[in-house]
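Quick one: this structure, given as structure tokens, is what I'll be asking you about.
Letters are used for the chains, namely A, B and C, taken in the order the chains are written, and counting of residues starts over at 1 for each.
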Amino acid sequence: MDIREKIFANLSSVKEKSPLIHHITNYVTVNDCANVVLAIGGSPVMADDLEEVAEMVGFASALVLNIGTLNSRTIESMLVAGTRAKALGIPVILDPVGVGATKLRTKTAEKLIRVLKPEVIRGNMSEIMVLAGQNVAIKGVDSVADEQGSSVIAKNLASNLNCIIAITGKTDVVSDGRQVCRLNNGHRMLADVTGTGCMTTSLVGTFCGVTKDYFTATIAGIICMGLAGQFAQASLQLGEGIGTFRVRLLDSIYNLTPEILAREGKISDK
Amino acid sequence: MDIREKIFANLSSVKEKSPLIHHITNYVTVNDCANVVLAIGGSPVMADDLEEVAEMVGFASALVLNIGTLNSRTIESMLVAGTRAKALGIPVILDPVGVGATKLRTKTAEKLIRVLKPEVIRGNMSEIMVLAGQNVAIKGVDSVADEQGSSVIAKNLASNLNCIIAITGKTDVVSDGRQVCRLNNGHRMLADVTGTGCMTTSLVGTFCGVTKDYFTATIAGIICMGLAGQFAQASLQLGEGIGTFRVRLLDSIYNLTPEILAREGKISDK
Amino acid sequence: MDIREKIFANLSSVKEKSPLIHHITNYVTVNDCANVVLAIGGSPVMADDLEEVAEMVGFASALVLNIGTLNSRTIESMLVAGTRAKALGIPVILDPVGVGATKLRTKTAEKLIRVLKPEVIRGNMSEIMVLAGQNVAIKGVDSVADEQGSSVIAKNLASNLNCIIAITGKTDVVSDGRQVCRLNNGHRMLADVTGTGCMTTSLVGTFCGVTKDYFTATIAGIICMGLAGQFAQASLQLGEGIGTFRVRLLDSIYNLTPEILAREGKISDK
């Protein structure tokens, strides 16, 4: 089975198994994350209290950690839930939102990586560059670096951390430290809406809930959001904007099929 | 006045009085809950700090407690606000989200019920079965039990707790411990969107803010969401999915009238 | 350059500079606030942990403080972030949601004003009357006062606090203590959706991020929301309601241009 066939099979598995995806995430985009997991066919649960996260993650097929609005209470819950997930063989997917912007974010992302060894880390170029120890000018949570060398950065960091690294942007790059895959789906309008990065991570988490091949799972999650962004944008009529775009984004995810992925997904191995 | 007439009158009252509904609820669906209360004609307020909840609930016509993302801070606020509500004769509506999934949720739901004696409890079948002390396989916050015996379970639990019990699902069941009412509105697509359960509880809370007949208030809230789900789904065109469905759900609630309820609502007393 | 020309220039500046707007805000409408900032052309960041807010606000062009779901943890973060903002010359915009409803809200709003001396305060009539020390019947977070005397109240309070005061409602009033500007855009349907007040404050904050003329910045933010409300309502067809209205509101903000503001904005200086 080549990589494309694996991706299509992953989507069928999600719809069949409806994996439970436990999130400890930010309060800005949490509703979007829950809905995108439902749209693709998974089952989301959000729970962040220290007293219940270890128990809750035991029911889950994947754990998504997102530090968008981190605080001391939820950081501790992330560590406890993540530690339990690792003990149970449940994959941990990290979205290091805004890492590098503040010492707290950098320190927290580094600690989560060191302690939990996440199976997948997805960020934009500037976030991944921070994790790779490269100098980068940060402007809040936006990416400022160009995408030159992104394949090298992703591959080296994936190799160093022994995990999947995904850099999303104009071209998305995914590496497991040996292979690199570049994806050319998506539309720049995805950057005009809050939460498209968080939702991508939730989709990646959902696919990681149905296969141990986290490399293809990560690619599958990113392709789904990219295609949905293209379809949503293509549907817009005069006078419509990000309000309608957000609605169509969920519609498009909901209506994705393996056939659509096969026909429209642009994947290049290299 | 028979039960149907009471329900239609309740909707007119909500639009006339615009009751203030105080919520202590989860951060996943809180925006949807606020908008659904506004859509039906009520006035939502969300406040959860221990220092203000007792004062805030004093202005309210009903208090909705939802444990979807409970934590030690908000659990205490729920107890304080609920105790004050009871002292003032303000109805308390409980949504025991995910009860049974973790010890914290079960312990908290049981404590809220024991201390506050809510006027209404609304959950899905597995949540209500947990409260009824029955064995049930829990998968996160989803219902897994079939609906056999739901009328008996609702009636017995309502009688034991001396409150209204509502089990929502394919067929909704509402009981006050003596009467049982079964509702056959709704569409399975309601389960594909996060927050439709929470929103139903908020609608129930809104109706409880205008009448002391909590049995018909609960029925009214559930019918409104069921019909809105049907209308939203019926409006969908090719390529549309849960994004558009969510939008039309709020549109449909906003445009409900007593006449529409009378014409479309499927209620069977038995 | 007259006031209208300044407002149009402000919109061009926002789209050109994409100012970063740091929010410490409520969890009910936070997603809407992020999206409205993106829709107008700014860049939102939400961060509320005490350990990072002083650092985060250093990257921002404005700080928006909204007490809609205040608690002891975030109140302290507001004070720390605000103090840092003032030291750096970054404008602070305060939305005193529900002030007067509870002692905690009143005490907190007064403290934030006393300590931080915000550049702009935006509220509805009853909220501003509370800050002005006038008696007012509060019903939760809704305005109950009529708009008689609003110009006088705004002007006096702006003069006393040496800031911009904006009262939004049927007619919006903005004063810097000397000038008063009344705005007659908007549609009453804006009151049927949660978060339109919060979003207006976020728009005001975004404009304050590109000019030191906070008077015209405030007017610009309020006009944008008013016009978007009109356009959104005008677009509605039979069967549509607040679901579609919310979508079109973001669409309309996204498509605003200086030309549209020039043609449609109703501003009267007096």
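In this section, a contact is a pair of C-beta atoms (placed from the backbone, for glycine too) under 8 Å apart; a residue touches a chain by one contact, two chains touch by 3 or more.
Only a predicted model underlies this, so the values are computations on that prediction, with no experimental measurement involved.
Q: Which other chains touch subunit A while also touching subunit B?
A: C
Q: Since subunit A and subunit C are copies that touch, is their contact same (over half of the numbers shared) or different (under half)?
A: different
Q: Calculate how many whole Å lie between the centre of subunit A and the centre of subunit C, each centre taken as the average of the chain's C-alpha atoms.
A: Here subunit A and subunit C have centroids separated by 33 Å.
Q: Note the residues in subunit B that touch 2 or more other chains, in rising order.
A: Those would be 27, 31, 246-247.
Q: Which positions of subunit A touch subunit C when the two form their complex?
A: It is residues 26-29, 31-32, 68-72, 98, 101-105, 138-142, 192-195, 239-244, 246-247 of subunit A that touch subunit C.
Q: Mind pulling up the subunit B residues that touch subunit C in the complex?
A: Where subunit B meets subunit C, its residues are 20, 27, 30-31, 34-35, 38-39, 43-49, 51-52, 55-56, 59-60, 73, 235, 246-255.
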